[in-house]
Structure formats: C-alpha cells, structure tokens
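Worksheet: one structure, shown below.
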C-alpha cells in the first residue's frame, strides 16, 4: 500500500475529492495547514505595524491506496488540483507497512 | 521504529490516550482533521440553500514507537477506538528512518 | 528523498523557518497540533469544575528534502527549536517514494 | 418626588394594579407624563436587550460549540412565542381583574385599550410591552438548566404552557392584585415572579430530564468565554430597565432602584472574585460574570427598599450564597443544572426576597408594618413560590412526555449536538 | 395625550414638516419637552446602534470569513461619510423647503439653527441627528446585496452619490412636504423611504454587478451564526427607536408604535419558524433571525396605523411573503442578492406600505379618507418608489463604471477575499 | 430652553456643583423633571455599556488570544471595585465640599441623601450613578497601555489607589468646584478628567512596566477584529450618554452635545480612512475603529461649546493628530503603549481640551471672557493634568512595586498568556 499526501489549494478540495471518488477511492482524510514556498505571501497592516504573512492556507490531503492504484491516483490529484499557477502544491508518496480498519479489525488492502 | 497513524472519532481521544499510556507510550501528537469515507455526512440548510457536508470531524493521532511495541500499540488503539459503528477510522503503520529528541539531541529509540 | 517531520513549540516557528531557508529549503508545510508528553499540562477552572489540559499546542512541520540534505536539515531544526526545556519536541525522518509538483508535473528531487 | 413605595402598601404592584383598575376613570394621576413614558419605553427596550442578545450570549457562550445555536434558537423563539402570546392572552391573565390567583379574559387581544389609555402616567400599551418583555425573559432563563439536551418541539410546547400556567398566575398573585399582594409581599422587580419562579422550575426540569450524557465524567467547559462576558454585560446594562423601570416612572424611587442595582452588582463581583481567590487560589472571568448575574438577581426584589449601604449587604450576601451553591453544593449533589439557573436565579432570587425585609430602609417599610412582620411575609411568599413553580412545572413536563414520548434527543443526536440534529446548522464555518 | 396621527392627515411626516416650517414662529407647540427630548435622544442612539454594531454584525456574520471585515468597513464608512454629509448638505436637501421633489440649500451646515431652535417639542439638533441616523443606515442596508464583490472605493463613491440623488429626494417627497406627502402616503417610519428604497436599489446593484464567482455552484454558508443573531437582536432593540422614535414624542402613539413593532416581529419569528418546520422539516436559527428582520421591516410604515391585532396580521403576512421570496423565488430565479436585501427589505417594505392601509385602524385613517382610497395611495407610492430608486441607482452605477473601470475586484482578489485585497487585514488571528 | 452653558461661567461643572451645594435649600431649580431624569438614567446605562461590554471588547479584540480574558477581567473588576468604592467614599472625595484640590468625607456612603434629594432637576442618586460610571471607565481606559503584561493583583491595587489619589481629586478640581474650575477651565464631559488623566497615566505605567516580551521583534496583531469593531461601535453609542448626558438635562444643549459628538466622530472616521489610504495605499478596519474613538475623545470636552461646523474641525484635527501619534510617532519612539491609550486618549483628550477654546461658539464663551483668554486657561489646565496624572501614577507604581515585588508576570507566564497564568481559563474551547 502507498500513502499519498497532497498539499493543495483549499478551493480545489471539492474537485480533487470528486476526482478521487471517480478514481475509486472510498476514503480520505484532510487537514488544514499552512504552506511556505515560492508563492508570495502578503503584508497586513495593523496601526502602522506591518506584519508579513509568509504562510498561506493549504489543504493537506492524505489517502492510502493499493500499490496498483497509486499512479492513477497521483495523476488524478495532479490534474484536478492544477491551476497552472505558483503555489498549486505537491504530492508525496510513501510506503505503508500496514493498515487496519478499527471497526472490523480487517488488515491490509481490505482495510482501506 | 514505527510511526502509527490513527484516524479516530474525536470523542474517543481520551480513552485512546489512556490506553496508550497504559501500553507504555509516553508521548504522542494529535491534530484535528476531517474525514471522508463510508460514514454518511449530513445536510445543512441556509435560507433554502442546501449544503452537503461530506467531511466529518476526526482526530488524527500520531505516535512513534519501537518496532517491538508496534503490534501492541496498534491493538490498543484498535480496541479503545472501536464503537462497532461505521466511521470508527483506520490505523496506518509506517517505517521511521530516524528520530531525534530536540532538547537533548538523543537519537533513535532513546528519543521517543 | 526524505520527509522530515518536526513537532516544535509554536513560538519557535519563525526561527526554525529562517534556519531552514538559510539551509536551502524552499518550501515547507506546517499545521497546528497538540502534543502529549513529559511536559506537564495545566488545570483550568470553570465554576468549580476542574478540567485537566494534557495536550499542549505544538506546531507540526513537514519538509521533504533530498537525501543529501537530510542530515543538515535535521541539525538545523534541532538547533533552532532548542530551548533546553522539556517539551521542545521531536524530529522524525521518513523515506519518500516519490514527489510531484502539481503545477508542472515535475517528479523527484526536481519537484521539491 | 412622588414616592410610590411609602404610599402604596406593598409597593409598585399595588400602585400598578391601582393605576390599571383606575384606568378610564378620571383622577389626578391620569395625565400622561412624557418623561415617565420616555423612561418606560427605554426600559422596555433594555429588558428585551437582556434576552436578545444578552441572555442568548450568556448561555450560548457557556455551552459546547455543537449546541450554541440551539440556545440562541430557544431564546429567539421565546421572544417569538411569548411576544405573541402575551398580547393575545397573557397580559389579560396576569393583569385582568380575575380572582386571587389569576386574571381573566377581559383584556384579551388588548381590545380594551387605545393609544389614549393610560396606566398611571404612561400609555397602557407601554406598560403592556414592559411587562411583555418580562414574560419573554422569564421562560428563557430556564433554558440554562436543561441546556444541550432538550428537543426544540417539546421546549416550545413547554414554555408556552408554562407561561399560561405558571408565570401569568404568579404575576397576577404578586403584581396583579392577587393573593401574595394581599399578604403584603414586596417584590419590586421580580425576585419571586421572575427569578425564583424560573430558578425553581428550572431545577425541576433539570431533574426530570436527567443529566447530559457524560455529565460528571467528561469536562464540558464553556466554548466561548468572551461571549459569556458580553452577555453578562448586556444583562447588567439591561437590568437598569428591569429594576428602575419597575417604578413605572422616572422619579427618585427609580433613581434609588438604579443605584442599588448597580451597587449590589459591583459588590457581588468584587466579593466573588475575592472569595474565589481565597478559596481556589485564582479568580476567574467566568466567576466574575456569574457574580454579576447573582448580584443583579439578588437586588431585584429589594432594589427600591434598601439604602445604598443595604445594597452592599444584599450584593455581598447574594454573591456568597450563590458561590456556595454553584461551586460547592452543586458538584457535591451531582444534579446537572447545566448553567446554574437554580444556583443563581433560584437561590439568588430567594435570598433577595428575604433580604428585602432584612435590610429594609425605614422609608420603604409599609405603614403599620414591623420589620419582623415583613420578614415573615417574605418567607411565606418565598415558600409559596418554591412550592408552586416546580410542582406546576413537573405536572406540565409529565403531560408533555405523555404527548412527545421523550423530551430529549436520541443519544446519537445528543452526541452530534443539537445544532445539527435539531436545526441542521453549524455555528461557525471556516469556508474555503 | 396628543394624538398626532388623528390630527395630522398623513401622519408624522406632515407633523414633522409642519413643526419645522413653523420653527421660529411662536406657537403653542413651540415649547421644549424634556420628556420628548429624552426619548428622541435615546431613539437616536438606538438607531445608530442598529447600524453599528447591529447591521454590521448581521451582515458580517452572513458572509464568508474572508470578507467579514469588508462588511464592517462598509458599515463604518457609511457612519463616517453619511454622518458628515448629512450635516453639511443632506439634511437641507431632505428637509429644506425646496420643491415637490427635493429640498434646498437653506439649511446647509445647519447654519440656520442654534441650541434653542426647536422642531416641535424637541431641539432641532436632535431631529437632525435622528434623521441623520436614518441616512446612515439606509445606504448600509444595500451592502448585503453586493456583499463580497464590490471594491471599497467604488462603494464609497456609490453611497455618497446615492444619498444625495436618491435618499434625500425621497425623504423630501415623503417626509419633507414633497409630492408623496401631498398624495397622502402614510409611511410612519420608513417603509418607502428606507426599506423599499434600499431594497430595490440593492437589487439593481446586485444585477448590475453580477453574481459572486462560484455562485450557485459552491456553497457559501454564513461564517458565524451567533454573530448574525447578535446583529438581528440589536436590530430589534434599536428598531424601537426607529419606529416609536418616529413619533418625535413620548406619547400614546409612540407607545402604540412600540407595541406593534414588537408584536409584529414576534409574530414574524413564530410564523417563519413554523412554516420552515412544515416546509423543510426543521427550523433554523438563520430563519428565525431573518424573520425578525422581515417582521421589523414590515411593520415599519404601519406601526402607528394598526391595532395590536393588526400588527399580528402585518407580521404574519410579512414573514410569509419574505419566506417565499428568500427560500423559493430567489433560488429559482438565480440572481445573487447575496444576503437577501431585496427579499427582506424590498419586499417586506412594500408589503408593509400596503398593509398600512389594508389593516388601518379607524383612529389612524386620515379625516375624510376612505380605506380604499388609502390603499390606492399606498399602491401608487409603492409603485413610484419601486421605479424611482432602482432606475436612479442604475444611472449612478453606469456613471461610476465609466469612472472606475470595474466596480468589482479582480477574480484573484475576489478569491482571496476582500479583507486581504481591499484592507490588508485578517479578521481572526490565532497568534502563537 | 434653559441654556446652561451661557449662564454658567465654565459650563456644566459649575452648574453641577451649584446644584449640589444648593441641594436641600429650596429654589426654582429644585423640582424633579421626569424628562431630565429619564435621560440621565438612560445616559448612565449607556456609560456603563461603554465599559461593559464596549471597552472590554475593544481592548479584548486587540490583544492576542492568550490574553483576551485578562482584559475582560480587568474591565469587570473595575466595574466591581470602582462601583463599590465610588458609593463608599469616591463620590464624597470628588463632589464633597472639601478644598480646592479634593472633596471631603461628608457624603461617605451617601448617608446625606434620600430618594427625595435632588441634584438640579434629577435625583442625586442618579447623579451619583452617572458620575460613578465615569469612575468605572476611566481606570479601565488605562488597561490598554499595559495590556498583556500586568498581574491581576497589582492591577487591582493600582486602580483602587489611582481612583482615590488621582481621579477623585481631578474630578473635584474640574467638576467639584475646585481649582481648575475656578480658573474657568471648560471640560464639558471629561477631556481632562477622563481622557487626559487616563491617557497620560497610562503612558507612565507603560514606561514603568516596560514593553511586552518580543515587542518590536514579533508581530502582535489583534486576535479578533470584529470584536474590536463591536467594541468601538458600542463606545460610539454609549458616548451619547457620556457627552449629552453631561448636560444633566434633556435640553437644547444636550441636543447640541449629541449632534457635535456624532458629527466629530463621523468626520474623524472619514478623515482617518482617507489619510490612511493616501499614506499607506489602503485603509483598514482597525484604522476606522481607532478613528471613531479618537473622534469621540476629541469632542468630549468641546461637545457643548462648538457649532456643527466646529465639530467637523474638532473631529478632523483629532483624527490627524492621533493618526500621527499612533502610526508614526509611536513606532519611531519605540515605547510599548500596547493599545494606544496615550496616542488616542492622552493626545486626543489634550487636543479636544484645546480645540474647545479654538473653535468655541459665541454662545458658549463665558460672559466677560475673550477667546484668547479661554485658550490660555485651557492650555494651563492641559499642562496641569499632563503633569499631575502621570507623576501621581508613578508614585503609586513605585509604592506598589515595593509591596508586590514585580508587577509583571514571570517571563514564562507572559509567554503562556495571562488567561492561563492569572485565571486558569481559556477563552475559546473547541470541545469534542
């Protein structure tokens, strides 16, 4: 199994989720995060104090898939999340040693 | 070392933490996340606009343990987080290449 | 490639980010999390009801780097985040199977 | 200055009743005072502000995130339902002639009145609305006791019946010329009618419904303390209308009621903060906010009967007694009066009704009455209210359970939170 | 009691105009009443509170997190710009003699007045400020229609011109002795001048600017419902000043207006909640808050013309009609009146203006007028306002587009949110 | 209309003092006016609303999440402690006969008064409370200067002593018939007594305590700007009571004060927004909210002495001067007046006190006084306050440091936040 982690722009979440459903993914987990990268932040003003905001809101999406799905899923995310603009984000792939479904105790591919 | 990542129902956090303490874990990290899966979301109404909420609140728990602890820890989480209801969540296990305790610089098993 | 995950004290984030920039990192992702460990929590009072807060706010920082950068980056984080006080946090290192830049489709070291 | 207290036996209530019954017959009183009317319209607006947004925020901040909307909704619908009900029939049941226990239907739909009808020196329409705002807040005060665990439908049915069966009779008995008024009970602004009635009824409801799932095991801290403080602050501000408005005029007695209200409340805040410091090692914002409400409740029946010095004693005692109930008795006893309606309104209201006589100023003692005599009257009235309100409440709840099955949401819905299960809404949404 | 309604043809407007025109000449009316003045200063403060913080919170809670500050800023600058403009020239254009359509420059900078100048029984300065608060809230009401998509500069230019070109003339026509007043239109507190004018203008602006990016595809739920409820509550409380204050005195008619205002609003809340329950299976907090505003709008023109029973009908009808517009017509039609300014203020205001005549009480019908006649006058006035306001608004917007290029932010800025793009600020910061 | 200003030398203060000293002796003034009393009770409630919740929210929103409760608590306990202290001894020290510098103990516990005692045309109890609300807000204004870094115990001791040693004497000197009043200083609603005294004392405290850890290195943006805007809005609304209430009557001068208050504030908002736009490229919500307070402060001493046109100049100047201090001088100078108490209240108050004479209307100039003469008096009074308040404050703080050791929390506690370290509470909890 592989875990695919994607850092994407928040407004792309719905599209990506739909793309993943279409690609056969039945579960995923997301969390709010902030990213620092090539994409420029902005400056905020508070009574003359300038405040540089380097971290931009991103969605961190995690999905564990069977080895044979991994490439297709990566491609699906890359396509759905793409806006051709700096800051679109990254996808990282990791090996998963094991997976367990808490409710049933199922393990491995059956659990995801 | 192994990293065990569990996606659980929020109200189960306290029980899981106690089970982990009992199992000899001395540290762990959690973050808020939202999960999409078999568990049904719900519909919200705002002045006639319907708004489908597919993502449900989940806690994402991470704990790094010695290889020999891993099975026991997975079992402890699986037991404590189980409600026999859809949406109880998943546990994923990963290999950890290295661990460092920032305060002391200790590495490996000593660091966790 | 390696993914370096660090759990640090929130007020150290700016210093760590600067240290990473200095060490040649051009992107990273952070999220808010709560940690349980040796560092003591505190007690809150609400109309006579005591409420033990065991989880303390931490920043969870993730950065993917080339294999040859990994040691230097780990050292940079460990130095910048260190306050010599309990609760400074941990650094964990993982193998990354692949990385993709969404905008360009670049893969591997080129993507990070 | 026209001092109503000294001339009017048991105070305002008789004055009000007299004014009403006299309406239509010409008398020296029967001239509209623009000044009194200005103050009474202001007071009426202030009393609405106590419920919306005051109480809604105070209670809303105290519950968990998943239930804040259910509280807001319960306050809103109290203003909706009670606001209509009062005009249609409630006012008539409370202030119609009737008998010793309840009014009649002579003022249904306010058909007896025109813009020219006076109640004392103000338009009766203004008096109706002022009293109407009391009828809105009193049922809403109970919300805190069964917060986070009562369905919306049963709640709405409950407060509707409660207004007619508990509040209107009690208001009639105390303020409408009924039995407690004939005993000589002093309840200037509603220690019995508003606070004891809601506090003791709320306790009955809390026991009847049972504790929240997880009560006593799981911490349930307030989700938003600044919201609690805004609420308590607006309650304080609005309470000037509640108490000084109960004089129905802008005169020296109103001035006294205004001053004692604020002084007792300040004293209660200071007392609670210091006591908590000594007792717990630190004083809390939640404590200070609770203390403000405890002080306000305590001075409510007494506000026109005590000197400034007396107000300090009322506030001091109110803070101490409520502190003990909220911080010590409740945790020990284990009942789930979730937001301390009983500990603050029930106990504080009873204390205030007693303190009215304990610290009564010479000018406020009705002619021919001794202080000891007044103390006995107050105790009798407290006892009556402490029995009548919760018993009637239990009867209503038993009947409602027969109709609705359960008054509570399912376990699952309670865990999900009432905002979702009852209203399909989320309070806070961090949109993309 | 002096009943202005029954003696003054089309009501307050004529009374106000008469009082103003008579200023300087001695008459029996020309004596300051401290009571009336007290009530009018209170009312004025209440009407400011409707905008700041009432409306700001109501609208601010309804938008997405990234745009809440832009709403607050638009409300603040309305108080800034309109507040100055009104004193400098607006008041003169509305209440100066002028012609049938607009006032003149005779009262520019209020140079005609001193602290001794009266308007009826109150200082003219107080009348100026009371009316000034109306001039602050009316443009701000429109914000909801083009929320989340208008740049700050064009907005500021828009409301500035709109006040002079739409609001002042309309206020003159209805309240300043102009043409609608001579028709005999009854608009006690601003159903035409405030609510229809802003509601219909807002609709024009919403159509002119086009929908928000993502409208209809992407959900845009309110980011903070408790904020919406605080806003609606403060609107309710403040509205007592708006409506009962429009009598310009603390008398029986003010008392009537006070009572009908609250009764209609309670009825609207109750109605909406029950209708939504039947129609959608659940009732929502957002529905109840919206209903309160719909009820308040509906009763505004009618508040001194109907009995308590009539108020119930006005509130009931207002809730029903606004419900249909907000919940059914708008989603079907597909226009993006983001926060339902048209559905609530435009429609509710028109309903109220009609209901004024439909449910008019005998004592409120001008002498020599039949109810049928009054209905026709009201319809004519509604029609006039429904045409004049949006057409004038469109002309202004076309001109502004010529000056500013686009009135909207770039697509990117709209996605980022106006708080960042227009003001470089974030509403909420969880600092380390 | 009775124009107090023109007949009463240095204005309200003398009128108030005269009224008080005359209490008990029969005179034409000695009749209660229900209208004046209605307005003054309303004003008193409004001034409490300025502190709770107004100022609490304004300051609370400006600090970081971890310190918001400490601000709310400091405001609450000011209402607690000052509220009691004022009735017990403060009022007597300010308004007792005494000497040129301070009152006496003749009115301790208000034992001299009954509900029948008048101060002018209102019950003295109402006057006591109105002034008491000033005594609550003035110390609370200082909180902003040492926000996020003063322990609760030392703070409570500080404001308690400060009230007795700084506020009461100054109030006596200016309003109680003391030395500044005999100079002829005009300070209608508290430019010297409230704003300069708190602003300059706050600056002394900020310097004495030193900057927050991380000041100048780490950004410390406001954690909740909507909260700041609600606070500023309620300050604006409440300020009508503060300023127009200072006339102690509902008359033409109150009307003038009401109008100038709002006009100056609107002007200040507009000015700041435009200046910030030119200077920074964008205007901010925080700027607009700050401007509102700056405008309100500036007009406070002048509100009954200028025409509407004069009010525009006062507001314009106040916005400009405060802008320069807040946006340019403070960042350059590097001191940590955390929430700009000095820049807004100290500077704005001094500007207002001067502007009172600069733009004085003919009808407001005391008989026999030239404008030049009045300017000199105002300058002398400004100088006196600017010295007296901060010096006395420093003496108090030095003494307190001797008692408490440090007035600040430990470094660790400051990093953790005062909510936890001082009160063991969290403002916001996202429960499961």
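Read from first to last, the chains carry the letters A, B, C, D, E and F; within each, the first residue is number 1.
Please note the rule applied: a contact is a pair of C-beta atoms (placed from the backbone, for glycine too) under 8 Å apart; a residue touches a chain by one contact, two chains touch by 3 or more.
Predicted model, so just to flag it, every value in this text is computed and none were measured.
*Asks:* Looking only at C-beta pairs in contact, point me to the busier pair out of C-F and C-D.
*Replies:* Counting C-beta pairs in contact for C-F and C-D gives the edge to C-D.
*Asks:* Can you spot which option in A-F, C-D or C-F is basically B-D again, with over half of the contact pairs the same by residue number?
*Replies:* C-F
*Asks:* Mind checking the centre-to-centre distance between chain A and chain B? Centres are C-alpha means, answer in whole Å.
*Replies:* Distance between chain centres, rounded to whole Å: 17 Å.
*Asks:* Whole-Å distance, chain B centre to chain F centre, using C-alpha means?
*Replies:* Here chain B and chain F have centroids separated by 53 Å.
*Asks:* Going by the contact rule already set, what residues in chain D reach two or more other chains?
*Replies:* Residues 33-36, 38-39, 42, 220-222, 224, 230, 282, 284, 286, 424-426, 430 of chain D each touch two or more of the other chains.
*Asks:* Counting only residues that touch at least 2 other chains, which ones in chain C make the list?
*Replies:* Residues 11, 31-32, 44-46, 94-95.
*Asks:* What does chain E use to touch chain A in their complex?
*Replies:* Touching chain A from chain E are residues 218, 415, 420, 424-426.
*Asks:* Touching chain F in the complex: which residues of chain D?
*Replies:* So the residues of chain D touching chain F come out as 1, 3, 33-36, 38-39, 42, 46, 64-66, 220-226, 229-230, 232-234, 236-237, 240-241, 244, 249-256, 258-259, 262-263, 265-270, 273, 282-286, 288-289, 291-292, 307-309, 312, 363.
*Asks:* Along chain D, where are the residues that touch chain E in the complex?
*Replies:* For this pair, the touching residues of chain D are 32-39, 41-42, 44-45, 48-49, 52-53, 56-57, 60, 68-69, 72-73, 76-77, 79-84, 87-88, 109-111, 114-118, 122-126, 128-129, 132, 152, 224, 227, 230, 422-431.
*Asks:* Under the definition above, what is the set of chain C residues touching chain B in their complex?
*Replies:* These residues of chain C touch chain B: 2, 6-8, 31-38, 54-55, 58, 60, 74, 77-78, 81-95.
*Asks:* Going by the contact rule set out above, which residues of chain A touch chain F in the complex?
*Replies:* Residues of chain A touching chain F: 44-49, 51-52.
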